[in-house]
């Protein structure tokens, strides 16, 4: 399968662990099926939501191989190769391509700071070294260096990058990405801002990469479809319902960081929905405790995403 | 050699590359000798200045093994194990201990954000898993999460960490680290702020980890000695002379990031001094070009660190 | 005229000066007519665009009196009373009410920092002291302290504030303001983010306060109407055309701050359109020079907002 | 008295209010005497600590006139004219000069953003319009725009400014101010960072402007003298004791902003010391409550700044 355009809903798949902290590939298979059953247009492995940076190389490849196998060509599989140098990203990129992905996703290298000119060189080197399309990823809150709109436009026009995922959080900048690249055939812009999918699509974005789409893939697909049909009033209603679901992200915030509270919240919800087995994170990221997980359950019930009855928690 | 206290000048050794981008271990050996000849009290491998994040695992171990061997026990060798999860840091830590270092240095994991409570767990896990002292490293400009003074105090009092390196850039916070830990036997605080070594020592810091100490180790040792002797007027004069030397860091700033302009500036100076062979950085970090390197030479000459004559540059 | 609801397009009117730096009330009258002719739903005096902070008390009152008189009740007139303490804001508020405004607009006091609890007290004190509705204004880039959504909701529910203007630049926060207050009868949210009016209205905002609406009031009114009619595709096209017009804001950016380059750009455009006489700002804010003003003219011509012919510039 | 050089300890005098919120000029007189008795080298009215931005013009002038009168020429009196435009600053400057001050202190205008070039014009205009020396004040945390070292050097060399007060919080920048201006006859740099007075003086600063110097003027004078004598070990001990006193600043932090908690903490301490009558702040800044004030008392007693006995609180 050769990727020709990236559109729709492409969740960054979570990486389930068992209680002992080992990869839980069974849960990962079930989660893959959960996403495909929800109608997603692709699956993105080894993103921030997938705890990319916490995995060893062996674990990373296991994740990719499992998702590729379980997906069985029904939707494209992408893998993150966000790394800390060109050499390291190329090395990881070759491995995930070998493992079967249709495209790779790379944010700027994330330890040192980089100039925009250095980023131009970076993406050109990745494009030259890898046989699949490279998707650029703007996420300065994690990698510090932003991808400026002019940089993205240059890379897009020359074909070094195939699409952009933006999680920058600045809607003005998202708009500038879109306006600068809208005339480039096949180039697409996807948003990672889960609260603002309807407005991003109205602006001209082509899809979303929602972390919480792990929990509610079908709803994000419906949101995408409503926007494509110009049904913005109904889209807004659904978007607002999904925003309320984000309360599952804040239940551990007294002890944990924003990252671990949110990601463990996604996992907890998936556990209550019967998809994966634990809400465990890779240390040092902490995980929700029983009381916090109970609040996640209450939120799911209250918003109608889970029936009141005694589901989950009896493993 | 068992480390009992960390004091003095412990430069974060640069990692030299050849023109093709391969590790230049010969230059690394000469640089190690240059530092020891300068009178340094320790050598820190795999720090930010050493481009830790750009090296493959194999390269990292080569660097450590080479420095350990070349040092031959004359001063302690430390290695950075700043990583992106507990599992990854422990793995790297065990390797560098195997390679012979006397202590490891770890900043908070640097992709996701972490709470202070998560950091407590992190350093305790490292201390439990590794047979050498762990030195905490505060460098939020690179790893985003700061080490709060209360966190450092807790870890220091319980013995989970052995020392702190602070490159946070906030002198109030450095002062708080010092005041909170001054009564803990053997615990030391070192500064990574190269412009402020004299004031840090006056405040009660026990040493420095100066990147530019690669270039002028003897001068940083002299600065340390002057401060220990209470010679603050002469210390200030020397500190100001060393601040002027920092102009070598800004010569590539029109094209490069602050990181690569500074680090390539150090390497260029070392090349002019005849210690290493190139100013090359690991991509995507860029390197100074010939014109920019010439300006580095002029700065060295002007400040008296290099004789006018035709040194260097005859490769 | 008693204000019952705040909706539509309410530009923050610019404050014209003559070449000597005195208020140019003739130009202010013409600008008022220009806005009303464009179909605006209200006029907001003494906003950031109106250089509120640069005016003396006498100048501030002259501006308000002139706009009130020239408007002659056709649309509501609002005045900014953003100040640095309760006593000072109440004093200014009473003066502008005396001068005839229908509502006042107040951002948090802007020299010291304030807690949310202090802001609750602030808006309650303003509401108690002033006989007209108070509109809260979130603009942390200028006043530093943000108005948190929970604070806005509390003040809105108890009736201390009548509406919110948001220029915070974070669409997630704008969405939260809207979601928290949508069930409060009569309470409205207006956006000051001129690039994102279509998406703000789609989210449920009730109008805009566009600085560049001084130049193109009719276009912002059309944008508002298109959104009200659910014509989001056409709205996007118009919004994108208006975004391109923002190039008039960047022509002085090599010398001036972002503020003065933008505001003098608005004034220059109004001068080319024959509405006001100069592009002068109140010092120390600088003004566009002749060459920069010429580029403003070219942008207006290129985008079709000005005919090529020899308009303007013959003073 | 004509000011020839600015050195030593120049506290930014607090502005006392009575319970009803009116200026308490009696307390202001006692506070002036308290400072002079402590040996200060000058008094700075209408600074941030003096709640400059909360006062009406009449109140501002009352403060200045009272302090000038009570000081009776024993030390220089300075007044802040930090404002939001050139015209407003010149107007206030003329008034305070009329009221008898020997110099004025001006941070960059603080509502809009300003370029460095605009700031050059600003200080030149102030210097031209006012018959007393102008002291520049770097405090970006409050006024947003920093005074870059190159700007300060230019203004200092041409004589537009007479001294610099730095409250920027970045010791590297303070050092750069000092190094760039040390050869300019008579030009001095004072620090507003109360935790770092000893290190600032070691670096070459000429004095301090400590807010907490309202409470303990004699101790800041002693700190200054110790540093002048090169007694850095004893200076550090005293500095550390003064840092501990800063706990009086954090007692209201659960309800108040950092600003009001700190400033009301200073006032509360002065009340316990019998110097002024209340800890009241100008609204919307809140004031410490009885419980919080009791904790201030405990801190004063614990650190030996107040005797245990039933002092204070019997008004």
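Just so it is clear, A, B, C and D label the chains in written order, and each chain counts residues from 1 on its own.
Everything that follows uses one rule, which is that a residue touches a chain if its C-beta (ideal position, glycine included) is under 8 Å from a C-beta of that chain, and two chains touch if they have at least 3 such contacts.
Note that the structure is a prediction, hence the values are computed from the model and not measured.
> Can you tell me the least number of steps between subunit B and subunit C, where a step is a move to a chain it touches?
The fewest steps needed to get from subunit B to subunit C is 2.
> Among the chains here, which has the CA centroid at the largest distance from subunit B's centroid?
C
> Based only on mean CA positions, could you tell me how far subunit A sits from subunit C in angstrom?
Computed from C-alpha means, the inter-chain centre distance equals 38 Å.
> Measure off the straight-line distance from the CA centroid of subunit A to the CA centroid of subunit D, and report it in whole Å.
Each chain reduced to its C-alpha mean, subunit A and subunit D end up 50 Å apart.
> Show the residues in subunit A shared as contacts by 2 or more other chains, in ascending order.
none
> Let me make sure I understand the interfaces: which chain pairs count as touching?
Touching chain pairs, listed by label, are A-B, A-C, B-D, C-D.
> Touching subunit C in the complex: which residues of subunit D?
Per the stated touch rule, the residues are 21, 48, 51-56, 84-88, 91, 109-115, 117-119, 121-122, 125, 142-145, 255-260, 282-286.
> Going by the contact rule set out above, which residues of subunit B touch subunit D in the complex?
169-172, 175, 179, 193, 195-196, 198-199, 202-204, 230, 232-233, 236, 240, 243
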